[in-house]
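The same chain A turns up in both complexes below, where it pairs with chain B and then with chain C.
== the complex of A and B ==
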C-alpha cells in the first residue's frame, strides 16, 4: 500500500500529483520533473524539508504553495537537520504513544540543490547521515548556484563557465573537478545511495522507492539539467539528459550499504563526451583550438570513472 | 486548520488575509503556514485534482499562462497514450486520467516544449504553435506522416 505500482508508464500515470503547477521554476526545469516523480512514486504521507535554492524559492512564493504534503523551508544549510529533527520527534512520540495517527505511514525527505548539498549544507548532511536517521536526502544537482545568478559550486564540472569562474581570453572556466558526492555519502555510512537522471524515469522511480523503503539514511544525487545556467533551449531538457547518461558523464548506479555497487543503466551506444558538452552554452568555449586538451581530459576522466564503476561492481567491495 | 487561511492567530501576531486589522511588517511573526486544502489532507494521494478541495493558497488555483509565447496543441487522432508527455512535463500540465491523455492544462503550462520533444508518434501528437493561434486552425494544419524523422 505504501508504494504505488510502477510496472509501466501507463500504470504510473494514474498517480495523483501532489506537486502543483503554477510554481515559478523556469520553463523546462528538471527540478520539478524530479520532485513530481518522487511525490508520485509513493502514497505515503511525506514530511519534506527544502533547503534554500531554486526549488524552495519557486514553490512557495507567498501567498501560494505548490506542495500538497507537509513541507518546510529552512536555511540554505540545514534541510537534512530539519527533517531528521522531525523524524526524531516522530519516533519519540510514537514510542510515547502520543501520535494522533500512529499507523499512518510517514516518510521523511529533504531536498537541496548542489550548493546546499555539496557546499553549504555538507557538514549538516554528513551529521544527519552519521546519526543514522531514517530519511532520504535528494540532491537536485544542476552543478551551479542557479538561484543566485550562476556562481560555481563544488559540483560545477571542470571547464564550465560560471559567473564566478567565467571563461574568457585567459581562462577556460572552472579549473577544478566536480566533487564525487555519491562516493562520499556511501563512505559516510548511508544505507543506500544512488545517482539518477529524470530522462530514465523508471530507473529514477525505482531508486526513489528503494530509498523510501530502506530504513536508515539514504542519499540520491539527481542530475537536474538547468536550461538557464547550462544554456540550452527549454524544450531540450530531456534531450540533454539523454546525452548526459549516454555519454556516461552521469552514469546511473547505486551503492547499497557502502559496498555493493550496481550499475543500473548501461547505454547501448556510448556517445562521445563532446556531444554532451557541445549541446550546452556553458561549454561552448571548450571547442576553441586552445582548449582541445580540456576536451581530451574530459573524455579520459569519464572513461576512467566508468572503468572504476565497473570494477567496483564486480569486486563488491 | 480548516479555514485554509494563513494561521490567523492574533496572539502570535500573524496576519489573517482579508482581516480587518492591518498588521505592520515589524509585528508579523516570522514564518507563515500555508494550507493547500480547505479540508483534511490525509488521503490526498488517493484523490484526483477534481476531487480535492484546494485552498486559495495552493498554486493550483493560480495561473502562469501569461509566461507563454508558444503553446503545445494536442492532436487526439495520432496519440497512442504512451504517457511520455505526462511523466516529463515539469508543470503538471498534461492531464491524464485512467491511462489516457486528455489534454493540456493551459492555466499551468509554460510552453517549454518538452512534451513535444518526448512525444514518439509520427507525426507528433503534440506540436508548438503561437500562443494566439486558434486550436482549430492549428489542428487543420497538422503535418503528414514523415518518412524518416530527423532528430
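== the complex of A and C ==
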C-alpha cells in the first residue's frame, strides 16, 4: 500500500509492513516501534544494516528473519560502513548498468544502538558521514548496553545505575554526562540531523522522511526507552517517553546543514526532571538525601540545554 | 566507459603496481581501502587510475582497515566485484571482518603485502600477517615475484567468484622484496585480462529487491557448527576448481601454476619447503648444491596456502629423506606453521621423512644464500644419518647465541 499520509496511526502502522511482528525484542521495547515507523514511512526499496545489539540478535536468528527487505549485519562497530559499502556498489553498478532494476529508488539505512553509535562504532560512523555517502543512520538510543545486560555506555546519563557503573554505598552511579552525539554529527558534516522519540510518532516519521529524502549523510538519534534496563513496567514505554520529552531531558529538534536548528516539539507544560527520573528504577538511588545535589544539577543542566537550543534556533548559525 | 590502458608486451613493474593493474583490468566495482606500508602503492596507483579515467567503479578511501574490509563486505553483499589491499597492522585490524567476509561467503580479493607485526614496530617483510589470517576461512594464494602477483590476482577473482566456491581470496606477496622491486612483468591486454576474469555474476544480492536477503544472521549451538563445517568443505572442495582455473590460465599465457610448486624434486633427497621470495632463493641454492656439492636438493612451495595442499605436498615430499620447513613468522612458543602442516602431511606416508623447522627472516632480516646452503647441508647430514642430527627447531640469521629447541626421539 502506498504511503499518502501519516495522519492516522492505525493506517500508518500497517501501511507497508517490511518488519515482521515475529521478533524476540522485549515486550514494551521501543526499538520495534522506531524501526517499523522507518520502514513504513517510505515506499522506496531499502537496504538496511544493523549493528550487533538488541535489534540484530532479536530479528535475524537463523533460520528466521524479521526483515522483508535487504538486510545485513557485520559487527558491532560497522553498520554505517556496511551500508555505505552497499551504497558505493549501488553507485558503481548504476553507472555500469548492471542493476536488475535500475530505475527503482533505493534508500540506505543503518541502525545501531547507543553502544554501537556513541562508543565502539563512533569512528566508523564519523568516517561514513565525512565521506558524504547518501545514507541515513538511526541510533536506537536506550542509553545502555542492553543486549549484554545493562553496562554503561557514553550515552548513559549521569547518575544512572548500570552494571559497570552501579550505584552503591559510596557511588551515585555513572559520574559522566551523556555525550552530545547530535551536535557532534552536525559538526561532522551530516546534511540533516534530528533527535526523535516514538511517543511523538508524527514528528518522528517526518524526521525520517526528511532524512530519507535528503541527499547525503543524515543522522537521527531516536530515544528508545528500555523497559528492562531503565526498569519500568513494559506497558509504560510511551508514558516514560512522554516524561522524557515533556521534561526536556530529551528535547526534539533538528539541525539542517550543520547550522539551521529547529525545535520540532515544544511541550505545553514542561514537567520537572525529577518526575522523569522518579519513574525509573535506574535513578531510584538519586532520591536518597545524600544525592539531592545530583537531582539539582540534573534540572539545571536540562534548563541550560533548553536555553542553548532556543538561542541556537534564533541565531540560525 | 573506462579508458583502455595501453600496455607493452613486457612492462617493468613492482609487485604493488602489478597488483593495481590486475585490479584495474578486472574492472572491480568497489575498491574500499586504507593505505599502509608496504601495500600503500597499490591503493595510490589505483587512485591514479581512477583520477585518469581508467576505472568505472567506486574507489572509497575509508578511515581504517577495519572499515575498508567492512565496506568491502557491504559492497560484495550488494552484488559486485570487490577488492582491496593491506599489510601487517592493517591486516590485524581487519581480522574481525575477515572471518565475517568468509562466513558470509563473499568473494573479495585482498592483496596482502606481507610485513611483520609489532611490537617492536617494523615495516619490513615477514609472514606474521599471512599466518595471522590462516584460520580466517579465506582461500590464500602466495606469489614469489611481481609476475606471479599479477597473474594470481587475475586468477583470484575467478576462484573466489566461482559458483561452487564463493569465498574471499587473499593474494600474498612479500613486502619490499616483491612489492617494491621493479621486475619484468608480461601483462595481458585489458581485453584478454577481462575476458579471462569474466563478468561478475551476482548471487543473493542486497540490490535485488524481488528477493530480499538477510546477511549476517545469528546462529548459536543449533546451527553455527553446520555453517562452519560447510564453509570448511567449500574450501577443501575448491582444490580441483583452483586447478582448472590455473590450467585455463596456462592455456592463455603459457604460465603454469600448481597448488604446490616443485623445483628439482623428481630425485631430491633433501628439500626445503618455504613461502614467498625465499622460494626463489632456495631454488638458486638447490641448483648450486646439485652442481657443486652433489647434494640432491629440491624446493617445495605451497602456491595455495589455504585450502592447505595436504595431498599435493605429501606427493611432492614423500620420496625425499629430509625436509627443512621454513617459517618466516615468530612461532610464539610452538613449532612453525609450515613445520606442523608439512609434518602432518608426510607423517601419513610409509617413508616418514625427517622434518626440521627453520625460523628465519623476521622483520626483514636477510636470508642469505649461505644460510640456505647451510640448511641444505644440515638436511643432507640428517638424510645420511637417518635421523635428525640437530635440534628440531633452529633460528637462522639471528645475532647472539644460537637459538634452537625441541629434541627428536628417533635415532
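The rule we apply is simple: the second predicted complex is superposed on the first by the 307 of 317 C-alpha atoms of A that agree within 3 Å, B and C clash if a C-alpha of one lies under 4 Å from a C-alpha of the other, contacts with A are read in each partner's own complex, and residues count from 1 in each chain.
Definition applied: contacts are C-beta pairs under 8 Å (C-beta built on N, C-alpha and C of every residue); 3 or more make two chains touch, one makes a residue touch a chain.
Note that the structure is predicted; figures quoted are calculated from it, not measured.
Peer 1: Using the touch definition from the top, say if A:101 reaches chain B (first), chain C (second), both or neither.
Peer 2: Both partners, chain B and chain C.
Peer 1: If we overlay the two complexes on their shared chain A, which of chain B and chain C does A:269 touch? Say first, second, both or neither.
Peer 2: neither
Peer 1: Now for A:45: first (chain B), second (chain C), both, or neither, which partner does it touch?
Peer 2: Both: A:45 reaches chain B and chain C.
Peer 1: Given the touch rule stated above, what does A:67 touch, chain B (first), chain C (second), both, or neither?
Peer 2: The answer is both, since A:67 touches chain B and chain C.
Peer 1: Quick check for you: in the superposed arrangement, does A:90 touch first (chain B), second (chain C), both or neither?
Peer 2: It touches chain C, and chain B stays clear.
Peer 1: For A:198 in the superposed arrangement: first (chain B), second (chain C), both or neither?
Peer 2: first
Peer 1: Touching chain B in one complex and chain C in the other: list those residues of chain A.
Peer 2: Common interface on chain A, chain B vs chain C: 45, 60, 62-63, 65, 67-68, 101, 104.
Peer 1: List the residues on chain A that touch chain C in their complex, please.
Peer 2: 45, 47, 49, 56-57, 60-63, 65, 67-75, 77-78, 81-93, 95-96, 98-101, 104, 106, 123-124, 126-128, 130-131
Peer 1: Inside the complex, what are the residues of chain C that reach chain A?
Peer 2: Touching chain A from chain C are residues 29-30, 32, 56-58, 60-64, 66-67, 70-80, 82, 96-97, 100, 200, 202, 206-210, 212-220, 223, 227.
Peer 1: Going by the contact rule set out above, which residues of chain B touch chain A in the complex?
Peer 2: Residues in contact with chain A: 6, 17, 32, 34, 36-37, 41-42, 44-49, 52, 56-60, 62-64, 67, 81-84, 86-93, 96, 98-99, 105, 107-114, 116-118, 128.
Peer 1: Report the residues of chain A in contact with chain B in the complex, numbered from low to high.
Peer 2: Against chain B, chain A makes touches at 9-14, 16-25, 27-33, 36-37, 42-45, 59-60, 62-68, 101, 104, 198, 201, 233-239.
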